[in-house]
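Next come two complexes built around chain A: one with chain B, the other with chain C.
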Partner chain A sequence: MSEDAILQIYGLKKYFPVKGGFFGKVIAHVKAVDGVSLEIKRGETLGIVGESGCGKTTLGRTILRLIKADDGMIFFNAPPDVQDRIRELVGRKDEKSKRELEEIRKKYDLNRKNDKEIRPYRRKMQIVFQDPQSSLDPRMTVKKILAEPLLTHKIVPSHKVESKIIELLELVGLKKEHLHRFPHEFSGGQRQRIGIARAISLNPDFIVLDEPTSALDVSVQAQILNLLKQLQRDLKLTYMFITHDLSVARHMAHRIGVMYVGKLVELAPAEDLFNDPLHPYTKLLLEAIPIPDPTKRKKERKLFTGEVPSAVNPPKGCRFHPRCEYFMAGVCDKLEPPLVEVKKNHYVACHLYTKG
Partner chain B sequence: MDDDILLKVEDLHTYFYTYEGVVKAVDGVSFYVKKGEVFGVVGETGCGKSVTALSIIGLIDEPGKIVSGKIIFQGKNLRELSEDEMRKIRGKGISMIFQEPMTALNPVYKIGDQILEIILLHKYGIEDIKKAPKDIKKKERKRVIDMLRLVRMPDPERAIDSYPHELSGGMRQRAMIAMMLAAEPSLLIADEPTTALDVTVQAQILNILLDMRDKLGISIILITHDLSVVADVCDRVAVMYAGNIVEMADVYTIFKHPVHPYTRGLMQAIPSIAEKKEELKYIKGSVPNLIYPPPGCRFHPRCEYAQDICKKEKPKLIEVEPGHYVACHFAKEFFEKEKESDKNE
Partner chain C sequence: MTEVEVTGGFRKAHESQIKEFKYTLYLMRRSPLTMTGLIMLLFVVIVAIFAPWIAPYHPTYIGGQQYWPYDSSQMLSPPSLQHLFGTDDMGHDLFSMVVYGSREALYIGFIVVIVAMLIGITLGAYSGYVGGWVDEAIMRVCDMFFAFPGLVLAMAITAALGPGLQNVMYALMVVWWPGYTRIIRGQVLSVKENQYIEAARAVGLSRFKIIWKHVIPNSIPPILVQATMDLGNVILTAAGLAFLGLGAAAYTADWGVMVSQGRAWLLAGYWWWSTFPGLAIFITVLAFNLFGDGLRDILDPRLRR
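And now, the complex of A and B:
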């Protein structure tokens, strides 16, 4: 019996067209998310890390159907027996299995739902954005901002809205007095608390946290991270925590996925990833992060070379091969490595681990 | 000992006169930078670290004004120089690189020409690149390529003829550094030079800065909000809070024995990749408004040890051990405690 997965994602793809030329024809595609498969277990925090342009934000938004995927399956809250059946059926080539999977997809695949059918799912899946400044309407008071989703989704009768909002504010560490203030009257950290209150107001099961503390100062970041942990415990939430900061990911996540140019290159329990990183890119990332302790300075500074390639024309084969120190000619530049389980629960997409 | 010192800032006050009131962005800051050292200035948003840097290089504009204090660079008080003399210091004496290189590079000139312009100006006194003799331009083009190679620009022969928008963020920052170094300054001020960059690129840029220090012997003031970067590259560091320096020491001392409650709070608030902490400690509240800063010690409303004296009297920066300065009324007590807990470990 596998663990209960709140989300099962298979072969998710999102290509953005690049327009150019005189008539604005589509001349290329940015392969922002290019075949990502993963499961998110109920109650866990899955960290997604990677550098800018790796597709981590697009992945989060595609899962929530804020952006419609071009291909792939997203199963949300499927019953446990169906989850197991999906795991068996995915990848099978025979007609009978295909037909059965198709039936399941009609029922549970978010990618198959139209805009009206998706609405009931919206309240179960929420998002907190990076920049609380631009994700809150500057002309609305806190009360209005928080009342809107409650009324739209009919969470509480209208005469109880105010008391519900006060309850929410207290949950995120704000006060009743803040009710009639506007977003600009708050500090960055407080604004992020409002964003979090809005996300939890609909009693969701799953929240995508997209760089929720990147715009905040460290002393405030710690407050918000602690708050998020506490809410997860109290409200039994499942998080997908998107960040470029590996130390934040280590602090928050149970499992971590590393993305590079639209692909998931490594997925492992957090402690495992830090103690025994397998993919050369993960190793490079970990080595590049400065440690807040001068006695742990590296005696020899590693020469880092290269930069993240463009997702319009990613390198052939393994996308990391032009920067990789273990590059094997004829293999890495020809074949795309699949994501395979190398150790228990530790997946990696690298040819170093696929041979033999 | 004083021969060692390249820059000395004494009791600097820089205020901004806005409609809402006077913003005391830098309010009594003193420090010095030695030759060949990397001096870190660390603090959160609005602590005055960038304004300190801009004051040194003389780029404070209306409505800002340096109200008082001395900035002594190579024996000269920069505040007494005329704008013409100051222009000569900028570039050859002190250079500055910024967080977002795109805003500092000229978008309509090729990278190579922008670097060449600086070499021509500082070496030959030629102000207009178009009037420069061809043979000098040809000769110096080689030097430009050398400069780009020094900052490890990939494919420098191609980069020299590129426009800024054709380069990635990391490459632009390299071009920027090359440009600043072309004037051969003795002090480089780097204001959040890696904040807009990815970690692997950040590591490359930090490497280059250290390289420049080792090869050219320049001093660097590194302004950052990131304590990990400080721990990684700085020799000495000043921690700023709300327009004041609250603690200053060499980097090993400050990370081993942080004394000021703010410094300690900051260090406990950062998650580390080296170890997992169950719960992060944090500093309650947020950074104060600098038009009406709290009286006395500016940190007192957020400080868990605050006493009556903290609300009334502004603490002076005192030396708790050689080279380790702290601005706190209880600095000596905290210092003794830190040392004590160290013995017990």
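And now, the complex of A and C:
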């Protein structure tokens, strides 16, 4: 595939050290993101779903380099020919390819940039946070909050900052009267709009939406989701939409990735995923969506058995095998299934599909 | 242009700030003890500012040293209309000296607390935000200071530098900064977990700007309370050092020195010499403590929204 990918990620890993004992030695690691590879196409919305603690938020932060990844490559906005070259080189093991990839990484890999070098990229990739209460500085007025990114990156000359801010406010459905108010004077939905205004103030290409609606009332959720969709159309944005709410993901995303304990287990176009889920975990996840019509409910529902394993010490082989109804002894608990394309654009990491 | 319309003058642009301020005043008015502290504080400050107009006698300065006019015929006279607080054994008017002493007390208090706060805020903020070995180094130095009794350390420093007002102030700054460093560090540790810090990083702000524009302003409130209380404590400690003979010279308008000098005469029946400067210290320190205590309640985020 040679579609224009705004973001290419290969083998991204983030381990958080767990300190313990008398001298605070590192005794273990939480493998929050453990080897995730994916591409995000320009203009699409990629939904990332999973239970709490599966590493989806960490994935978003790591991509934005708010957290430094321990391993892996993040290519952002690479030219199309370089993108193709990267795809070719990634799997190869020979020295020459490795050296060429190394050259490309030096130029384009965000994971190779230090804090100073990353700053210009901040303009192009932004984030909207889950909790609008805590994501706005309580001591700053809306004007100051929104002026900060504009002045930092000199988006507009300083005498035009105010009119630019008003323009932004109107874009997200707020009024210019709100300019001099503090965050605590707004409702949750309005605060989230301010958060969105801050994210789009830098004219980014790519925004990570980290559960932007999960702290909001259901009625407000819909408004915010529609606002995000409208902004995507008008400003040609690419989204990575992190959520635990599958119906929200279906509404928003073109493609959906399912994460389980730090790994991507399935990646497919949204409708495909809902109509024909392949991974046993995805199947159970879809079963768990409540159906608002009692007459259509199935008598017997399959339910999850067991607990989500700890990311400190994930199960060997396939991480889902202790809870999986298709568990194959000797295979699932020994080998880690790779993420392979089973149908067109439908990737899954499960031994059920690798044998044949 | 629309910009003019929107800005609409100072009142409109600062509507929210004005509302906040009014709410603070409202909370303050509701607490009688805070108001008592504030009124006492204002009284002391006004006395200090208008000392030359309030006091009937004025010092002369020769070579940086303060000299008071004296009347040998009025030695150790008790409080009267002519000398409201009586006179000392050289016939200095104690009322004038106590009034002028308020200037010195407030001067010491504010300078020491402000300098200690600046040091504490800077070191504490970096310590908490940066973490790692920077944090470790700064905190261990603080621990060293905490392991030593403050007054003894201040005495040792003053004794080493030589007695005098300036040296007392240096000593107190050295003794006081670790307290602020530790409070700010603790505060920063909780503030930096807020998402707006992460948002600032996502926007691309430098670490310097994040610390000074987001972390420090949000870590300040608890330190304001501490600083207000410390104004009283510093004045008290400075008076203590002066009492021990480590502060200003004898017969200068320093409350500690005056209490110290009058002490020898106290049992002989000349009670006024020590009593009035002592009362002045008492009122000032109490004022700062009451006001600081009230400030704690007012700045309490649970009371605010």
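The definition used in the following text is that the second predicted complex is superposed on the first by the 352 of 356 C-alpha atoms of A that agree within 3 Å, B and C clash if a C-alpha of one lies under 4 Å from a C-alpha of the other, contacts with A are read in each partner's own complex, and residues count from 1 in each chain.
Basically, a residue touches a chain if its C-beta (ideal position, glycine included) is under 8 Å from a C-beta of that chain, and two chains touch if they have at least 3 such contacts.
From a predicted model like this one, the values you see are computed outputs, not experimental measurements.
Once both complexes are superposed on chain A, the partners chain B and chain C fit side by side without clashing.
Within the superposed three-chain model, A:81 lies out of touch with both chain B and chain C [touch as defined at top]. In the superposition on chain A, contact of A:95 is made with neither chain B nor chain C.
Between chain B and chain C, more residues of chain A are touched by B. After the superposition on chain A, the angle chain B-chain A-chain C between C-alpha centres rounds to 80°, nearest 10. In the overlay built on the shared chain, the residue A:303 is in contact with chain B alone; chain C does not reach it.
Contact with chain C, but none with chain B, is seen for A:182 once the two complexes are overlaid on the shared chain.
In the superposition on chain A, contact of A:294 is made with chain B only, not with chain C. Once both complexes are placed on a shared chain A, the shortest Cα to Cα gap between chain B and chain C comes to 11 Å. Chain A uses no single residue to touch chain B in one structure and chain C in the other.
Partner chain A is touched in their complex by these residues of chain C: 2-3, 6-7, 12-17, 20, 194-196, 198-207, 209, 213-214, 217-218, 305. Note for the complex: chain A touches chain B at residues 51-52, 187-190, 217-223, 225-226, 229, 244-248, 250-251, 270-271, 274, 284-297, 301-308. Against chain A, the residues of chain B that register as touching in their complex are 44-45, 154, 168, 170-171, 198-204, 206-207, 210, 225-229, 231-233, 251-252, 255-256, 265-274, 276-277, 279-284, 286-287. By the touch rule above, chain A contacts chain C in their complex via residues 61, 64, 66, 115, 119-120, 122-123, 126-127, 129-131, 134-139, 141, 148-149, 152-153, 162-163, 166, 176, 179-182, 184-185, 195, 198, 202.
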